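Below you will find the structure I want to go over with you.
Letters A, B, C and D mark the chains as written, and numbering starts fresh at 1 in each.
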Amino acid sequence: MKLFSLIPVFVIGVLLLWAGQDFPKWGDVESPASKSPVSSHFIANTGVDTEVPNMVTAVLADYRGFDTMFETVVVFIAGMAVIAILRGSSVGRPRRKDHEVEAEPDLIVTNTVRLIVPVIQIFAFYVLAHGHVSPGGGFQGGVLMGASFILIALSWDLEKAMSRFPIERCLFVAAMGIVLYGGIGLLSMMLGGEFLDYAELEKILPVSREMARYHAMLGVEIGVGFTVAAIMFVLYANLASEGRLKQGL
Amino acid sequence: MENAIAWIFIFPLFGSVFVALSRYVNIKLAYPISVLSMAGALWAGVETLKQAMASPNHEISYLLGGWTLDLYPRGVGIEFRADLLASLIALIVLGVGLLVTVYSKIHVEKETPNKEAIYYSLMMLQITGLAGICLTGDAFNLYVLIEVAALTGYGLIAMGSNRAAAATYNYLILGTIGASLYLLGVGYLYIKTGTLNMVGIREVIEANGLAESATMQVAFVLIGVGILIKMAFFPFHAWLPNAYCNAPTTTSCLLAPLVTKVMIYVMIRMVLSVFGVEFSFESTIWVSWMPWLVVIAIVCAAFLALSQREIKRMLAYLIVAEVGYMVGGVWIYNYYGLIGSIFHIISDACMTLCLFLGAGIILHKCKTTHFDGLRGLFSKMPLTMIGFFIGGFSIIGLPPTCGFFSKWYLITGGMVSGRWEYLIVLMFSTMVMVILFFRLIERIHLAVDESGKNLGKGHGDLGLTKEQTRFDEAPLVMLIPLLIAASTVLIIGVYNQEVVNQIETFLQAYDLPTGVVYK
Amino acid sequence: MGLEIFNTFILLLLVVVAVTSLWVKDLLVSAVVFGVYSFLMCLLWAEMGAVDVAFTEATVGAGISTVVLVATIFHLRRKSND
Amino acid sequence: MSDPIVVEDIRPLLALIAPWFGLIGIMLAGEKRANLRELITFSAASVQVAVVLSMLPLVLGGSIIEFHIWQIFSYVPMLLRVDGPGLLFALVASILWIATTLYSIGYMRGLHEHAQTRFYSFFALSLSATMGVAFSANLLTIYFFYEMLSVSTFPLVTHMQDKEARTGGRTYLGYLLFTSLCLLLPALSWCYIWLDGGQMTMDFLADTGKIGYFSETTQIVLLFLFTYGFAKAGLMPFHSWLPGAMVAPTPVSALLHAVAVVKVGVFCVYRVYADIYGTEVLSKISGEEWAMILASATILISSLIALSQDNLKRRLAFSTIGQLGYIILGAAIATDRGQGGAVLHIAMHACGKITLFFCAGAIFVATGKKYVSQLRGLGRRMPITMGAFMIGSLSVIGLPPLGGFISKWYLALGALDRDAMWVVAVLLISSLLNVFYLLPVAVTAFFRSEDSEEGEESIKEAPWPCVVPLAFTALGCFALFFWSDALLKLAGVTP
């Protein structure tokens, strides 16, 4: 069976290699992707359109902001699906004991984490907020934020982390993230533009059209960050405890 | 209403978030919020279709983020394009969505207790994803929406019976492979064309003469196979029956009519709008062997359906066969075949909805959908049975249900392009459907068990107690969606010209062979 | 030229790591090797100049995914059957 | 022939939907108010007859009545049209429906049958479909009603709901749906796409002979697809559904499987031969010779099989198959008189055969006997029934002064018109065979001494609702002979 399943792998591999024969050269400026007016527009006009120095952020959050919204929704769905599947699924099943260690949280670990978590969280905020200028943005910031809570759960136990960030609140925050993102889109639609046309926000913000886009992008990144951070923690909490939300690893 | 096309996804998206939040207020709110937002979305869908019909070139472009389309090839932002095909299919998706949402009340409370909010939320996100797939004009955005639809699907299916988890796992693996292949294909398209807009890609292909490019050929294969996996085309169907049978009832009611059909829509969209008629049909060799694969697919699926003794499982295999019809309709490569294929998407969505809603009611009332438990259902639930069998007759293709008309165009298409193998297999599977449904009628109507033993004492005695045959119709909240679905099957059949006219208007933009005509 | 060698090296390593993660019987090891895979990808992205993608790969691929995988594996039998 | 005057009128539709109102009434009345239910059936049937009769003067006056219901495709309307043959068929079916309703009351109550509401409901539905076929103006319309009839008679055939009913029902639907979906539908599709640039309505009046655009081979293949596609016509080898369907209660066998359903089949075939191909095209292609040979073979073989059947209803069923063969033969002869004879035979055979079925049912109600060999001496106990059986037999055999003679006469004339002597020979031989398998029944009943079994003394005539209809239809056989002028005119034959 294992050998049998290798066949499609090889077929696809050969196909992919064969497709490479008329690829553009690596890093070729003449390649269609680089030469196309779309790319040139991104390179030349991002700053003009949105005042955002980091093109990637502008493309993700503005030019293709609709994709990003649904990617955030995908993350949200993943969290909900995991809850939906795991909640109540382990009722009546005995908990496995083979790797459980009965021990107090280790002093050195907890103290280190105590020190490091605030730093991670501040860094997460930095990544999120500074995404306009440097690499980073809502996804990365959110993941970092979620990771900080997971770290707490790893070093103490799940209950300790959940006392800071209960699962109900997680879901609320995650939903709020989407409401924030979609809300900004809806608001700009209500103000007379198309959905996610942030420039229309100039009507309520005391800034130019370009800066309205700039600020709205920050808004949606925060929404993404909310959802991602909360859902990352939800995923971990549910998976680590088979949906019981107790004890964890 | 200027932004109707945006409201199509805004309603269910925000609705689902509010449903998810409703658990903090009152869980009872989940159902009404879902129904209301689905009704809103349906209204937006109708508006969109009207606008698309009214606009001069029969399509409306909606530019998300307000970025213009001026830049060759077609702009920098994401575009929603509602041409007649897209808005028709989206309308069907939303209509089915609304009916299933209304229908789901009792089932959800019973089958997924304490998870109603999450269930409704996922359900509406599913509809958002599917409607979005229909309307988007951007190849990558399509991928994201496919993921939205797929992930919600996994969640919705896994909430079912104990074995649902394993079924979901299969679905997840296959679905992920399919989506990944699609994504790879889109990547290749981007490498060669430098744009992600569907029409933009076609413009570049045509302008740069990319038809012979190996990369494009591989991209076509990857995207094609990816979509075939997603639509449960025969050798890749393994996930579907288990997933739909073990899923909660309403999940199968929602997914069965929509997911496979929307994927066929994606295939048509890829073939016509992204790669273009010339590339897809002339530059690739798919036309020559796809119909043969379709033949194998339909025959195998038909036999598998014949061997089932349980309604939901039988219907699941039936869907696999129907997928074969529609794929065949595209790849026999002519005008009528495509009309048939598109019309069949619409009618198949309606009739599978009918059948699954009916099966759900049977499950609710009889606690089983096995063939042995069906005797005497005509006298117990006449209206439900009428609705169920209108769906069945439509699948067989008896006039004047919509199934007849879609089959008519498929047959016509097969004849025009001289694909006799497709035609024969169509006839064959029609006979299988006849057997399937009249066997069901027999099991319900006759006092005979499978081995042919008489059960009653003659004179119409079914060998049941009075209690079992007493009139006991399904609750209204389930019955009404079923009857609406059944009457839709008839209405689409009666007004088939209105639908076909829209499809024809859409197809006229493409250069498809219509066959030589005598005279 | 140096970059070419670097790229080739990383790509070869990627193949090795990918095969290893399929090969090993212990799922925990497999998960960790998978983390290594993500990290190598991250290096590649960074080298290509796609710093944003590299950052995401580092946080999501090498970070959270591995944690989630390990958390899940602790509730399964650790030995893989194939 | 001058062009007929076309009159727009809703009456064809009324004839079509009268049974639907009947259906609703029957459903509402239900099992509890049996008398009301039967009254509703009666009134629906009477309304139908009245409507059909009211169209008679117009049609006899040379006009045709049209009514447009619905546009099936943009270029194909669902059009109802009343012309001579259609009206003749509709008249026969609707008048015999009244007779059958009366008969069913006697039969169903006499045997204390179950689910009578369902029985009457689907009966009404079948009659609606029959009217639809009779009045259809194009091939697709006829197909719609044809399929409606197949499905709506299924509950009637499986009325007994037991194992036998299952077998019968399976054969019934298996044959009918297989042929209509797998043979007829592609043939229809083929015609509709390829003729006239796909803008063809296949109208029976306007498009006669257009099929001649196709190549000869195509024409022949299509002819066969159509002939076998309308399997209700019972042409061998697609005939086995008819004996199978005899598991149904006798009124069903009588009206549907001697009149409505099978006649719908032959009527469709007639429409194809006479109004799609037209005599001109049909006589040019060589396929129709084959159709004649097949029909003749069916006639002879089924008569031979009928000889060997002891079950009375099965014997009658095979006789029906043979008689249907006459009609197809007549239609295939492709002369005006032959086709007129075919149309006439629809009416003549209907009247004779329904009498025979009524008698068989009456015997079953009165005595519970199903087999020919059990009928000894019954003639003296049930004189009316067996007398009617005698008359029916003679009419089917084709002796004057009974209706059956006229149609056979015209069939023979039609055959002579195109010098097909062998057809005349077939007609003669088969009439002889008819004598052999039909007359012994009556002879046994009248002239063989009865077995002196216990309990036979109490046998007397069936209840009056059974006897009156069969006497009525037996007299009808005479009437058809003496008042055949109108029929001849409807069938388009000049005497």
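One rule holds for everything that comes next: contacts are C-beta pairs under 8 Å (C-beta built on N, C-alpha and C of every residue); 3 or more make two chains touch, one makes a residue touch a chain.
All of these numbers come straight from a predicted model, not from anything done at the bench.
Put simply, the chain nearest the middle, going by average C-alpha positions, is B. Taking each chain's centre as the mean of its CA atoms, D is the chain most distant from chain A.
Across the structure, the highest number of inter-chain C-beta contacts is found for A-B.
One simple way to say how far apart two chains are is to compare their mean CA positions; for chain A and chain C this gives 19 Å. The distance from the centre of chain B to the centre of chain D, with each centre set as the mean of the Cα atoms, comes to 43 Å.
Remark: chain A and chain D have CA centroids separated by 74 Å (rounded to whole angstrom).
Centre-to-centre separation of chain A and chain B, using mean CA positions: 31 Å.
Looking at chain A, no residue sits in touch with two or more other chains.
Within chain B, no positions touching two or more other chains are listed. Chain contacts in this assembly form an open path, with each chain touching only its neighbours along a single line. Touching pairs of chains, sorted by label, consist of A-B, A-C, B-D.
Listed in rising order, the residues of chain D touching chain B in the complex are 70-74, 112-115, 143-144, 147-148, 151, 154-155, 158-163, 165-166, 169-170, 173-174, 177-178, 181-182, 185-186, 189-190, 192-198, 213-214. Those residues of chain B that touch chain D in the complex are listed here as 336, 393, 396-400, 407-408, 411-412, 415-416, 423, 427, 430-431, 434, 438, 441-442, 445-448, 452-454, 456, 458-462, 494, 496-497, 500-501, 515, 517-519. For chain A in complex with chain B, the residues that touch the partner chain are 12, 15-16, 18-24, 31-39, 41-42, 62-67, 70-71, 73-74, 77-78, 80-81, 83-85, 87-89, 168, 171-172, 175, 178-179, 182, 186, 188-189, 193-200. By the touch criterion given at the top, residues 1-2, 54, 56-57, 96, 99, 127, 135-137, 139-140, 143-144, 146-147, 150, 154, 232, 235-236, 239-240, 242, 248-249 of chain A touch chain C in their complex. Those residues of chain B whose C-beta lies close enough to touch chain A in the complex are 3, 6, 10, 13-14, 17, 20-21, 24, 62-67, 71-73, 75-78, 112, 114-115, 118-119, 121-122, 125, 128-129, 132, 138, 140-141, 144-145, 147-148, 151-152, 154-156, 158-159, 165, 168, 181, 184, 188, 190-195, 204, 208, 213-215, 217-219, 221-222.
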